[in-house]
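Heads up, there are several structures right after this.
Both complexes shown next keep chain A, but they swap its partner, so chain B is in the first and chain C is in the second.
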Partner chain A sequence: MTDRPADDIAGAGRGKWGIGLLLVAAPVLLVCWLVIYPIISAVARTVWLPNEGSGSAFSLETYQFFFSDQYSLNNLYLTLWTTFVCAFILIIICLPIALYLRFSGGKLPAYVQGLAIFPMFVPSIVLSYAFIRVLGPNGTVDLLLNAVGLPKIRSPYLTPWGPVIGLVWDHIPLTVLILVSGLGGISNQSVEAARDVGAGRLAVLWYIILPRLTNSILVAVSFSILGIFSAFTLPYVLGPAAPEMMGPFMQRTFRELLDPTSAITQAVVAFAFCLVFGLFYVYSVAKNRRE
Partner chain B sequence: MAETLDRRIDWTGIFFAVVLTIVIIFPLLVVGTWAFTNVWRYPSVIPQEFGLRYWYTTLARADVWSSISMSISLACMVTFLSALICLPAAYAFARLDFPGRNILFFSFLAGQAFPKFGLLVAIAGIFLQLNLIGTFWGVVLIQLVGTLLFMIWIPVAAFQAVDRRMEEAARDVGASPIRVFWSITLPQAGPTIAAAVMLTFVNTFYETEGAWLIGAPAIRTMPVLMISFINNQPVIQFGAVLSVLLWVPSFFAILFARRVISSGSFARGFGG
Partner chain C sequence: MKRRAFMLSVGGAAAGMVLLPRMAFAAPGTIDWYTSSDQNILDFWTNIVKPKFEAANPGLMLNLVDGGDNAGLQAIAERAIAAMDTKTDPQADFFEGFDARQPVGAIDKGLWTDFAAAGLSNYSKINPLALSIDALPQNLPYRGSQVLLAYDTTKLAAADVPKTFADLIAWIKANPGQFIYNRPNKGGSGGNFVRRAIYEANGKDPSKFKVENYTAEAATAALDPAWALLNDLAPSLFDKGAYTSGNTQSIQLLSQSAVTMIPAWSDQALSAIAQGVLPETTGLVQLTDLGFPGGFSRITIPTNGVNHEAALKLADFILSEEIQSAVLTELGGFPGVSWDYISADLREKFKDVIPASIPVFPGGDWEKAINENWYRAVAPNVDPAS
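Our next item is the complex of A and B:
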């Protein structure tokens, strides 16, 4: 980051400062207005509530309501359950794929990689529709089972497993990409050296690869948790009506119950639960970018 | 080691290829089949009658056409505004020196630290006071915010990759700064920037949550219409045809942006 303009002569510095700041002003102001200010304002307006008089006073009333209301708590538990089940399944599925892609070459791995990245090009709403057609009642799986004389499946559509399947499908590409990128940092020599002294496949995985991959796994998990905790489309279309995940819950509170203060309280609760993962994720991205 | 591996049959690879084909491609093929089906009654494994009947009926619906034009005009407007404010900023971040450059550059990450829908609800709370709920420009603003990170970070990398010596040589022989930018910088940075613009367009086209939260009911984009088809439309083929139509921008994205995505720098942008 030592680049300087070619004609950066003495005295021109101040004018360049002005031009630089002017050029970046619009997007920076937009981030301040529509990212930073809304977050501060969301916290502020849920703890400074208008009282009977004309002013407003500090109060944790909306949070007390959220954490004492059984329906809100059920939604929160469902969201936490879905988030952790998805993150777990994602690592179980994507780690073997990433390991395979890292340690093999040729046409077949290229095809596997193409397939693993493909969901990135499928909008979640099309995915939801495909899910219903395949796994929904009288869907393709039922057709095939029926054709060979087996009973129908208990469809995951409109159960908590519906969003889990959809969200895992949706998050496979970036999880695989992040893990493959992390595996790229492990040299072939270190793996071969361990194999030479007689380490088996599992030992290499456990003692050589996983310790060096921990950071990438944490980044991948943080990224999925941020995306899944407040996911909206897939839980809204595929999930049960009650309890519902935080995304549909916030949307309904805001648009149907017309209660923005409660909706924003739910949003702040979501921020709080994801804070550690969010900060860690942003820190990792910034660190990578600096290198 | 690679040679011995090549001679053996790659059972792991075959396993992944088969499972991923079934899990990822098969459901989409089912949707594609439904779109070209006139009659498919349970329990037949294949449709009783193929045909284009539902393309005609879907494309005859006024709500489908209004959602297509709404989606296209929203995505064009957001991409245009995003390029207008982000590309000059990206150039400044890559080339100019000014106070607070680093902290401003990393400020675009702020939105990534929070669960997205929560942030949208917080923004919606502000739009409510500004009467932007249910308006075109409210949706434009909320989608514009979502494009900033990509539209600045990818072009910054592109501008930084341009060979500075060629620019300096052009300046030395008397080319004006604008001429240098137009003839040297832009052609080199162009393909990556074009990919960023393309991805921004496609991502905006598919953006559902902001459009649904801020725009409903007045602003109906194709994904929003798709939600109502899934929830309330008994004719299965309408949704299938709309899905195929919805997938068209993705198809072009795969053609043009695949190289950007398979490259390592893309994954690193997500912290990989």
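Our next item is the complex of A and C:
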């Protein structure tokens, strides 16, 4: 048996290739027009700067400024810090939820799943103000603690932890969904077989489930990293004034400092980081396919 | 053709015709009105001005359109200029929250009505303060707002409230953690607090700052002392130097009793109190040595609108005591007319917020310099690790 699909499914005739290409042409053209072209144009606009005369010349001036400016670098560090902390916390929170949803029966998991998906339907601006009400100074948590005679919490509002909490909450649904779908690929038989030979719960998790889930975890982490890196509303409302995350920083540079070249430079830098995560994701998926 | 298919196609065609862009002609008697302002202003016009005006002027109607922002109105004004050249109907009669200095060259072309010469019966009632801020006769100031201090009277007695900026600084330092202002680019309340600090560091002289006198050296000389002043203040602010990201968030912190005092827009604070967002016990006070900056919102009227006469009638109506009192009571803004033309009991009720002077800080490069340098010089005072 070969690993090639049957001819009658994939089509053997040369003419059918044309139809296939035609079908993918529309999305490919859209991606080229709306994604690839803006990227090339953005990079070109930041390295091809107008010089004193009327012409323009190649220059890495804006990048030199970005990487020598401590303020910009602090913003970049904060963004990276927020992204990795969020990704880590997301996996810690979502993996148990996904395991529970996959391996338990009855009605309760349906409600848990509904609850886990709920954040997807809450706009971030609503979430931000609710966050201030609940976790902000003298918010609901403080009131509850006060009612039982406990001291107030140190509110994360306007500190780097504010956006972290908000972003984690916001990204729970996507992460849970990806992990649950990954867990769906693990057959009950393999888990039961391991149990039959005496594997404990942790052993099953470590030797049976996690190795098969690596790909889903990578996908989930990549998706949340890409989303969090470019987050705007939550860092804008909940985060500190400085350092800022790249999203609010770019927006401020563009709209309030009226400096599109610097804003695009920041965008290209952010894009370069996301590209690294993206390539990592593509590489791991491709590797997985080959196996 | 099956009956079902026939019904579907007829229904679809009918729906399509409804959706077709309607040929738009300005109807005589319907004033096409555009605003650049927020929802609360549009609500004010929809719920208060429109019914009153239409009741007082049978045959005239108001078509209230949200133009989005200043850029939106500018596009409509440019259309009006183009219509002027072709002598056609601009489909625009009235601009709320605009500046006749836009689009460039519009005044020279005669696009905007000169209100001083338009014979409005209420024109003489306009607050001289508003006209001294903006003397352009093509702008009609009709509502004002200014930043002032909002505070919690249960924690701070009205008698102890700081009345000068120096007192305010002393109060903030004596009560650490009880004051917060928002980032200057994220809302006018913090923005004008920062601008007032700039005045304070420059001899309290608003006339030193003009759009055209900006240079990088002047900015350094004028702004650096202000940043020093604000940095000195930072450890005494809420959370040892936190800054909210907008006017609303500052009001929220005051309402949650997390702070005792904030700078706030007068209209926003008054409507927050009216809606119960801020408690009845909220006090408002303006500094007496030099007020926080603010400004008046203006009306402009194109001369070539089909309903030019009716638009002027509306402008006159806006300046009447009835609407100007409503600006105060319903909108929480300042009237555009002198306070003498407001009923005595309202004058008494709002006496604390009646401005004697409204400094106006220039925009343009000054604004850019403030937005950039505040972030670099003042905002990073918090050690992110702490």
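Convention: the second predicted complex is superposed on the first by the 244 of 291 C-alpha atoms of A that agree within 3 Å, B and C clash if a C-alpha of one lies under 4 Å from a C-alpha of the other, contacts with A are read in each partner's own complex, and residues count from 1 in each chain.
Simple rule for what comes next: a residue touches a chain if its C-beta (ideal position, glycine included) is under 8 Å from a C-beta of that chain, and two chains touch if they have at least 3 such contacts.
What you are looking at is a predicted structure, and each value in this text was computed from that prediction instead of being measured.
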{"item": "Partner chain(s) touched by A:274 [first = chain B, second = chain C, both, neither]", "value": "first"}
{"item": "Chain B versus chain C as contact partner of A:78, first or second or both or neither", "value": "second"}
{"item": "Chain B versus chain C as contact partner of A:138, first or second or both or neither", "value": "both"}
{"item": "Partner chain(s) touched by A:241 [first = chain B, second = chain C, both, neither]", "value": "second"}
{"item": "Contacts of A:158 with chain B and chain C, given as first, second, both or neither", "value": "second"}
{"item": "Partner chain(s) touched by A:111 [first = chain B, second = chain C, both, neither]", "value": "first"}
{"item": "Touched chain A residues, chain B compared with chain C", "value": "B"}
{"item": "First, second, both or neither for A:166, with chain B first and chain C second", "value": "neither"}
{"item": "Set intersection of chain A contacts, chain C complex versus chain B complex", "value": "129, 132-133, 138, 236-237"}
{"item": "Residues of chain C defined as touching chain A within the complex", "value": "183, 185, 238-239, 242-246, 249, 252-253, 256-258, 367-368, 371-372, 375-376, 379-380, 382, 384"}
{"item": "Residue ranges of chain A in contact with chain C within the complex", "value": "71, 74, 78, 129, 132-133, 136-139, 155, 157-160, 236-244, 252, 256-258"}
{"item": "In the complex with chain A, residue positions of chain B that touch it", "value": "1-2, 5-6, 10, 12-14, 16-17, 20-21, 23-28, 30-31, 34, 42-45, 85-86, 88-89, 91-99, 101-102, 104, 106-119, 121-126, 128, 141-142, 144-145, 148, 152-153, 160, 164, 167-168, 171, 206, 208-209, 212-213, 216, 223, 226-227, 230-231, 236, 239-240, 243, 246-247, 250-251, 253-254, 261-262, 264, 266-272"}
{"item": "In the complex with chain B, residue positions of chain A that touch it", "value": "1, 3-8, 13, 16-21, 23-24, 26-28, 30-32, 34-39, 41-42, 45, 96-97, 100, 104-106, 108-109, 111-113, 115-134, 138, 140, 142-144, 146-147, 169, 172, 174, 177-182, 184, 192, 216, 219-220, 223, 226-227, 229-233, 236-237, 246-247, 250-251, 254-255, 260, 263-264, 266-268, 270-271, 274-275, 278-279, 281-282, 284-286, 288-289"}
